[in-house]
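My structure is below; once you've seen it, I'll send some questions.
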Amino acid sequence: MKELKTQYKKILVDYIANQSERDLYIGQNFIRQLIQKNIAPEEVIHMHKQVMEEIFPELPAVSKRGYDFLIEIMVYFGLTLKEHQILLEQQEEMRIEMNVAAKIQSVLLKTTVPKIDGVDIGMLSIPIRKMNGDYVHFLNDEENYVGVAVTDVVGKGVPAALCMSMVKYGLETLEYAENNPSHVLEVLNRIIEKSVDDSMFVSMFYGRLDLARSIFTYGSAGHEPAIYYNAVDDAFYGLGAKGLLLGIMPEMKYEQTEIPLYEGDFIIMLTDGVTEFRYDDAIDSRKIIEQLALTYRHLSAQKMCEKLYEELQKLQEDGLDDDFTVVILKK
Amino acid sequence: MKELKTQYKKILVDYIANQSERDLYIGQNFIRQLIQKNIAPEEVIHMHKQVMEEIFPELPAVSKRGYDFLIEIMVYFGLTLKEHQILLEQQEEMRIEMNVAAKIQSVLLKTTVPKIDGVDIGMLSIPIRKMNGDYVHFLNDEENYVGVAVTDVVGKGVPAALCMSMVKYGLETLEYAENNPSHVLEVLNRIIEKSVDDSMFVSMFYGRLDLARSIFTYGSAGHEPAIYYNAVDDAFYGLGAKGLLLGIMPEMKYEQTEIPLYEGDFIIMLTDGVTEFRYDDAIDSRKIIEQLALTYRHLSAQKMCEKLYEELQKLQEDGLDDDFTVVILKK
Amino acid sequence: MKSTINITTEWDIVTAREIGRNEAKRIGFDTVNQARIATVISELARNIYLYASVGAITIEKIECEDKVGIAITAIDEGPGIEDVRKVMQDGFSTSGSIGAGLPGVKRLTDDIEIQSQLEEGTTVRVTKWL
Amino acid sequence: MKSTINITTEWDIVTAREIGRNEAKRIGFDTVNQARIATVISELARNIYLYASVGAITIEKIECEDKVGIAITAIDEGPGIEDVRKVMQDGFSTSGSIGAGLPGVKRLTDDIEIQSQLEEGTTVRVTKWL
């Protein structure tokens, strides 16, 4: 502390003599170091008073008393600053905790893409932050059906990640891949409405492919419409539905629709992180995705997903700002 | 700000005239209010300077320059205080997030106690904080076997709670209740070692009751030994094992032991939160639990759990300081 | 020397501060630490004044081996603190209740001990070494 | 009036501060806010000095309807900021890199705009109204 006082005195004496900007600059740099050393403001005022008394012995009593008063009241600023130090440490701890949590979460929510004869499935899910707010779940019974749920939680952070564990848990209780999409959405809606916070909603697209009949049945709970390419028409169609997000109303009914899939057809299921990129307001982002899909449709479903991500990332000016998830099902 | 200056002037003038403790007390109360209004320390010094100039027109130039210097350097204290304000808001947000997370977690980790002919099972798990770091899981196939895992995660907060989701996930992949305890512990150990942070460990006691033969087989991974009451001997035995905590070494082997259960026997599985209470250093806490169990053994397993909790809570001076979990299996 | 000041009016808080500051000065604390000790007394005494009807502050010089310091004890028969651990957590707003200001008191001293029983009262003892 | 100061040495930082403080005074900012404006210039200029080889600070009076204020623009050809969002988060330690001090700059001003391109440079423009 004595050394600091000597330093302070030197700077203050220079300033009082010249009042130069240089001395103020040096003074600020010095105080920044003091703050890093956790020196409290009341200590700085005390130091200031002592230095003033040394360099100016005729300092009036009024001034001295003024400094004493300042020291006294600055104690409360000092207290707040100390609290700040502690909060910073806590924040750092939490950051470490979050890293661990994210790692566990990523294991818990790992998706395995099923390999099935006669249908090619690809998937890519890129989180924007540490924890992914999108989640893809496959239900399959090897022979007859394959079900795919693409979900996006509205909200972020730990609760959102845990909400996804809830979704996974709900889908697992369903067990069988032959469940109707409307049934799946209704069950999930009830689970989420009941057990998750009121502020937490999930959008879900659920599709089920009947492998023998090659019929795709789908339903949607407020989710971004899927993109369906019909090879015979050489045209794209949106697969949406009017259903509300999961978790809003306990007794929602969800509709389902069937489409037949033929050779060369494919379906792109995605989250809004894929379509909500800023590029050119005049051009519909879904049109761009369709264009890209056409360009790369000769590739495997997995490669198509990767190309889509790559190309869309290039179009993004400031990088993605939502979780990006795409699932492609190719006949 | 002008009103504040008038106030400040009044207090400061009084202090300079009398230097009484009363004025310092009033000054501190005043500054506390200023801090709540987010007034920065540089503003306080500025106010102080202005007041000094007003009440003492002959204030030397040296003093004035000293104040200017103080204002300049106090800007950095002010900055830190503003950052503090923001951190406090963030902390508040996180607290809300944690409440939501805890609620979801408690749904995800809900345990249902199976009802089985010929054996009475009771369970109680009381978390000390929002998220429970203990977890109980039952595996049962209705007819032949019932398995019970009692686990305690070393660590706290969100990662610990997520780690428990991991344990649940691992136990669910095992599916069948007839698995050997040593096998269960080995599988869980591998899952946790691989997918959870290095700093996260779990202790687990796993017991399996063969319903037809009435044989209880158990193994332990660094867990608090269970308490086994043998009615014929009218004596208690500890059921422990040497196994390391789950998550330390990838290829650990766990041993298992068999004991026959007869009419009147019971087994108390617990976490260290039950035994680690401070009461009287001379008396072993497990002895107290045994004593209580004897007193209440005429009750159902569930009632015994509740009585144990009630009585042990009374013995605790400062309340519990760990999650409290007890599972009782009565023949 | 050991002084005990009953806290019933706001002026008793001022008296306790004054006695504490003088004792701190005698022990050899500098201006800044005198101010901090007065602040600690203020916070403890205000808790008594605002939230407990009966209570007192005791100020004493303490010595331990080659160290000297000051100990301040606040005893009240107020409502008590339900969760001492929670009250001591930083960032928690405890204003408007008996535990208000205790995290600050902790930060200004070297050691703090709190005993509290609901509806019976609270004892807080802090020490600060020279 | 619009002044531009190239920042190559530490003394250029001082010059920029001085010009900024004088301009702030002319516009009518009080002592405290003059100090804050000098601090903002300091932080921006130090970033240029420490992490970018070429850069300048521009100071100008701004007027908008019936308001007056000061705008400070820092342009450099330094390494750029990888993640502007992260740099602006409070509580994150960004010391030792180009974004250091930006959260502080934000708190001392009314508005901040940051444009940055990796390996091309960064432009920060802040405004403060009287």
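Labels for the chains are A, B, C and D, by order of writing; each one numbers its residues from 1.
As a working rule, a contact is a pair of C-beta atoms (placed from the backbone, for glycine too) under 8 Å apart; a residue touches a chain by one contact, two chains touch by 3 or more.
On a predicted model such as this, the values are computed, not experimentally measured, just so you know.
**Q** Please indicate which chain is farthest from chain A, where distance is taken between mean Cα coordinates of the chains.
**A** The most remote chain is C.
**Q** Counting only Cα atoms for the centres, state how far chain A is from chain B in Å.
**A** That gives a centre separation of 27 Å.
**Q** In angstrom, rounded to a whole number, how far apart do the mean CA points of chain A and chain C lie?
**A** Computed from C-alpha means, the inter-chain centre distance equals 45 Å.
**Q** Would you mind listing the residues of chain D that make contact with two or more other chains?
**A** 35, 38-39, 91
**Q** Can you list the residues of chain B that touch 2 or more other chains?
**A** Expected reply: 24, 28, 68, 72, 75-76, 83, 87-88, 90-91.
**Q** Specify the contact topology among the chains shown, as one of line, ring, star, complete or other.
**A** other
**Q** Could you please write down every pair of chains that are in touch?
**A** A-B, A-C, A-D, B-C, B-D
**Q** Looking at the complex, which residues from chain B come into contact with chain D?
**A** 40, 42-43, 46, 49, 68, 71-72, 75-76, 79, 82-83, 86-87, 90
**Q** Going by the contact rule at the top, pick out the chain B residues touching chain C in the complex.
**A** Contact set of chain B toward chain C: 21-22, 24-25, 28, 88, 91.
**Q** For a test of understanding, state which residues of chain D touch chain B in their complex under the given definition.
**A** 30-32, 35-36, 38-39, 90-91, 103-104, 107-108
**Q** If you look only at chain A, which of its residues touch chain B in the complex?
**A** Contacts found on chain A: 12, 15-16, 19, 23-24, 27-28, 30-32, 35, 41, 44-45, 48, 52, 55-56, 58-60, 62-63, 65-66, 68-70, 72-77, 80-81, 83-84, 87-88, 90-91, 94, 97-98, 100-101, 103-105, 107-108, 157-159, 162-163, 165-166, 169, 172, 195-197, 199-200.
**Q** For the complex, which residues does chain D have touching chain A?
**A** 11, 13-15, 17-18, 21, 35, 38-39, 42, 91
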